[in-house]
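Dropping the structure in here first, questions after.
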Amino acid sequence: MSRSREPSNRLWTALAAPGIGWLLLFFLAPLYVVLAIVFGQRDPLFRTAVPVWNPLQWDPTQFNYVLRRIGPGGVYFPALARTVVYVGLASILCLCIAFPVAYYVSRLAGRWQGLLIALLIAPFWISYMMRMLAWVNLLQNDGLVNKILSFGGLFDVNVDWLTGQPVVVVLGLAYGYVPYMVLPLYAGLDRLSQSMLEASRDLGASRVSSFVRVTLPMCRPTMLAAVLLTCLPMLGDYFTNDLLSASPKTAMVGNLINDSVQAPGQTGQAGAFVMLVLVATVLPMIYYVRVTLRGDEVRT
Amino acid sequence: MSVLTSAKDIRGPVGWYRDPWRKPRVLAGITIAYLAWSLLPVLIAVMFSFNDGRSRTNWQGFSFRWYWGDETRSVWHDASLHTALLQTLKLGLIATLITVPLGVLFAIGIDRWRGRLPSGANVLMLISFVIPEVLLAVALLFVVTSLALPFGLGTSAQVVGLVTYQIAYPAVLVRARLATIGRQYEEAAMDLGASQLESLRRVTLPMLMPAIFASTVLVFADVIDDFVLVRYLSSGSATEPVSVKIYNTARAAPTPALNALATLLLLAAFVAVVVGYLVFRRMTRNDTTTDRGIGAFAGEM
Amino acid sequence: MPVPNGYDRGRPSRRQFLQRAAILAAGAPALGAFLAACSKPGPASSGPSLTIAKPDSPVKWPIADDNKPIGDNLPPERGATLKIYNYADYLSPQAIKQFEDRYGVKIEVSTFNDGDEAITKLRSGVDFDIYNANYTEISRLVTGGLVRPLNHSYLPNITNVWPSFTNPWYDQGWQYTVPYTIYTTGIGWRTDQVPADIGKLSNPYASLWDPAYKDKTAIIDDFHTAMAMVLLKEGITDVNTSSADDLKMVGEQLTALGKATSPKVTITMYSDMPAGQIGLCQMWSGDIINAQSYLPEGVGTEILQYWFPQDGKGLVDNDMLVTLKGGKNPVLAHLFLNHMLDPAVAKENFSAIGYQPPQNSITADTLVAEEFIPENLRSAIVKPEYFDTGYRLLELDTTNEDAWRNVWNAFNSGGS
């Protein structure tokens, strides 16, 4: 073979370079700016953040201030703990809802599959704000939910759904993010081999046993990917809480960030929270990438 | 325990339960319930956009008041709602036009390039895929307000943020597609004398078209819906798209004009998807390796 | 993929790791220097510290040499877009339209949710012409060079407002500001959800802590306003205190508030209360008046009630309009300010947004007589006497404001 089949890496480098450059410039570098602000100074007059670029001059007071208050017993601990709980519950809820739906649509839907998929994708085209607003409407004190619950006046149900109810926030999160889970699950379940599933039934396993011991393990990588895809972005959500319950009782870490970013003197604290959430996001992702690389299959 | 059931056992509820080939009614029920839960609130919101009165919870009759009827507050007459709609479409187009080529080239390059740098870049891209949006928004806000960049807050900053956030979509979709296609076609073309670049352009790229189109549609739908990034990076009401308008007004005193605006946006996204699907079908009309149903179009995701 | 010779692709060798660490360590300061070079030069702020204006120590602001007022008799800018930066729903659309028609220009209103967000935006170099300010920001605005001094020859309508506003303590000689609205901060409630007469209680503020009203209450989403109310509840009249004990007490009271009634924290009472979402809340007087127009059909305005101490010993404030230095249409900005000081326009604005302008022609009696304001909301009308006895929320100095904000943050994050 005279001509090399493996071209030099140059072509590929050239193709990937703009994308890599963009990510470095607008994704990685801003994270450094966040560090510069968290460890930076504050303008004495306006108390806005003044970034300090040289790491040798970094001042850890703002970061320490936050760090000291996030442990158990600290002032910010309830918000952080609440975020973990809400996101965890919402993710489990999403999984429990999305999995049967994805399973049905990918394997059992028959001729309705096209229509069902179109309907599954529909929430993506609808403004997230609109979907949340729709629920705000329904949950208002004189909204449809209360009307239905009171069976048209039979019972006097006057639940204030929109004042700091954790249940409403968790359901709101689940409602908002479940479409993001259905699609990857669908894509992954689509690729499962039917013959393996049938084989286990043929060999005598009961329905439940077959599901637990064959189907679930085969779906595990897909489920993991889907959960990560949904659960990690949820960590930064603040507008669901804002719209569905403007109460500090259900504040999440996203609210902490959003409230303090523009407040004078508090920008550094916001940056510190940004760093914390970033770490919480990046670590599972890196772990996931390691795990899948070891398995050496092409995964999204 | 025997799994075989006699003919007698098939009748009756127990038999029905044991029948391995029965119709999956429970799952079908769950799916339909999910779709109802997911879409009904939106349908109700769309319905109220045609409300005659000012309320968004009490039906007061059908009219197009909030679309063009009302003199000051309907979508047609309220200039601020126009600006919002225009800004949304502007952002959608520009961001999509930049994101898709960037992401596609990135995916092709990363897929073939050997070395540690590309796997690092891949991890970076995946992280940008799952990072909570508020983190990126805050970081870019800091960048734009602390560094003397050629652009300030406003449309340019919003586009930059959106591209960064969305670039992973085409990258991921195209990579998945590349893995499915494999390299044999490209290698065959090179065996027949094409250069690397040529075979890429004339063989691989056309085969990637479905994935490219799927990602275009996805990115567009995602961008016009984006909220956190565009809000942080906006410079004033002229650069606030519809999602921010809805949020701002929702916390004060919304009128059904908001529902009308969102319905129009929904229509725009729907049209985009339909157009994308029709183009997808046209592009793959001679392609026997891909399934051309809507399932496959969605399955690209 | 087979891994040749046991070489693990994923893990860098120690030498490579040390190499990379060294490069990073050497590069970071260089990167730092590079970024510092591209840094935006901030405004000169290492000058004198904030001068805090107080009613008993009024301040006349200096006018910098590079920030002189515009000249007299200049023509208004043609075909321009006047940019106003204001709270949402705080400017009558009709007033805007009248101005647009009269001068043939367009007006663009951008909104902010709170003053901090606004100042941050203003400092980032936007080109708004007019800003709705509060005197808790005036020192920062002037010292930071964000506002433009006024040329009084464009503002003859100033004679229509209360004379005290031509020489207010926060801006002697009204060099930078004109008054916009006046309001009090009291307690508002709906009689159908809160049958008790809150005004007759010995300590009406304490009703917000009453567990009987759980999940029906709200407080204003501003750290100073909300915490000042807590101070007043405890009988402390220095609502700008820097006493650490007082602040600690406020923190504890806020925690107790959260546990007792779990209030919402918002500024949208004017639409939430008529919608029935809120039954009892700390409220601005303008909000309760504005709330009338948000009541659903068939619900009368008698269910809305408002309380403010009759002797005026409560929180009294006014908002102001200022012209911004970054604005491109200073003449139009002056003309717009003058437009809003016109009695007819001000009255129409009052009916649209609910907040009272300090116009001489508008008094409590005329308002009730004209049935502009229903009798049950008479207490929401602001009287000039209030400004003599009332307590003002003043600008806080840096360390004090940090202390206040930390207490508020702790409450807002739902913590203890």
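Going by the order they are written in, the chains are A, B and C; count residues from 1 in each one.
The working rule: contacts are C-beta pairs under 8 Å (C-beta built on N, C-alpha and C of every residue); 3 or more make two chains touch, one makes a residue touch a chain.
As the structure is a prediction and not an experimental result, all values here were calculated from the model.
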Most central chain, judged by mean C-alpha position against the global CA mean: A
Chain pair showing more contacts of the two, A-C and B-C: A-C
Whole-Å separation of chain centres (CA-atom averages), chain A against chain B: 16
Distance between the centres, which are taken as Cα means, of chain C and chain A, whole angstrom: 34
Distance between chain centroids, defined by C-alpha means - chain B, chain C (Å): 38
Chain A residues counted as touching two or more neighbouring chains: 33, 36, 51, 140, 142, 246, 293
For chain C, residues that touch 2 or more chains besides their own: 35, 39, 120, 266, 296
Chain B, residues touching no fewer than two other chains: 58, 146-147, 251
Contact footprint of chain B on chain C as seen in their complex: 9, 35, 38-41, 83, 85, 88-89, 93, 106, 108-111, 113, 120-121, 124-126, 128, 266, 268, 270-271, 294, 296-297
Complex contact set, residues of chain A against chain B: 5, 7, 9, 11-20, 22-24, 26-31, 33-34, 36-37, 49, 51, 97, 100-101, 103-105, 108-109, 113-114, 116-131, 133-138, 140, 142-144, 175, 178-179, 183-184, 186-187, 190, 201, 204, 206-207, 228-229, 232-239, 242-243, 246, 254, 257-258, 261, 270-271, 274, 277-278, 281-282, 285-286, 289, 293, 298, 300
For the chain B and chain C complex, residues of the former touching the latter: 53, 55, 58, 72, 79-80, 116, 144-149, 152-153, 235-238, 240, 248-249, 251-253
Chain A - residues contacting chain C, complex: 32-33, 36, 43-48, 50-51, 53-56, 74-79, 82, 140-142, 160, 162-164, 245-251, 255-256, 259-260, 262-266, 269, 290, 293, 296
Contacting residues of chain B [partner chain A, same complex]: 1, 3, 20, 24, 27-28, 30-31, 34-35, 37-39, 41-42, 44-45, 48, 56-58, 102-103, 105-106, 108-110, 112-115, 117-119, 121-136, 138-143, 146-147, 160-161, 163-164, 167, 171-173, 175-176, 179, 187, 190, 196-197, 218, 221-222, 224-225, 227-228, 232, 242-243, 246-247, 250-251, 254, 258-259, 262, 265-266, 269-270, 272-273, 293-295, 298-299, 301
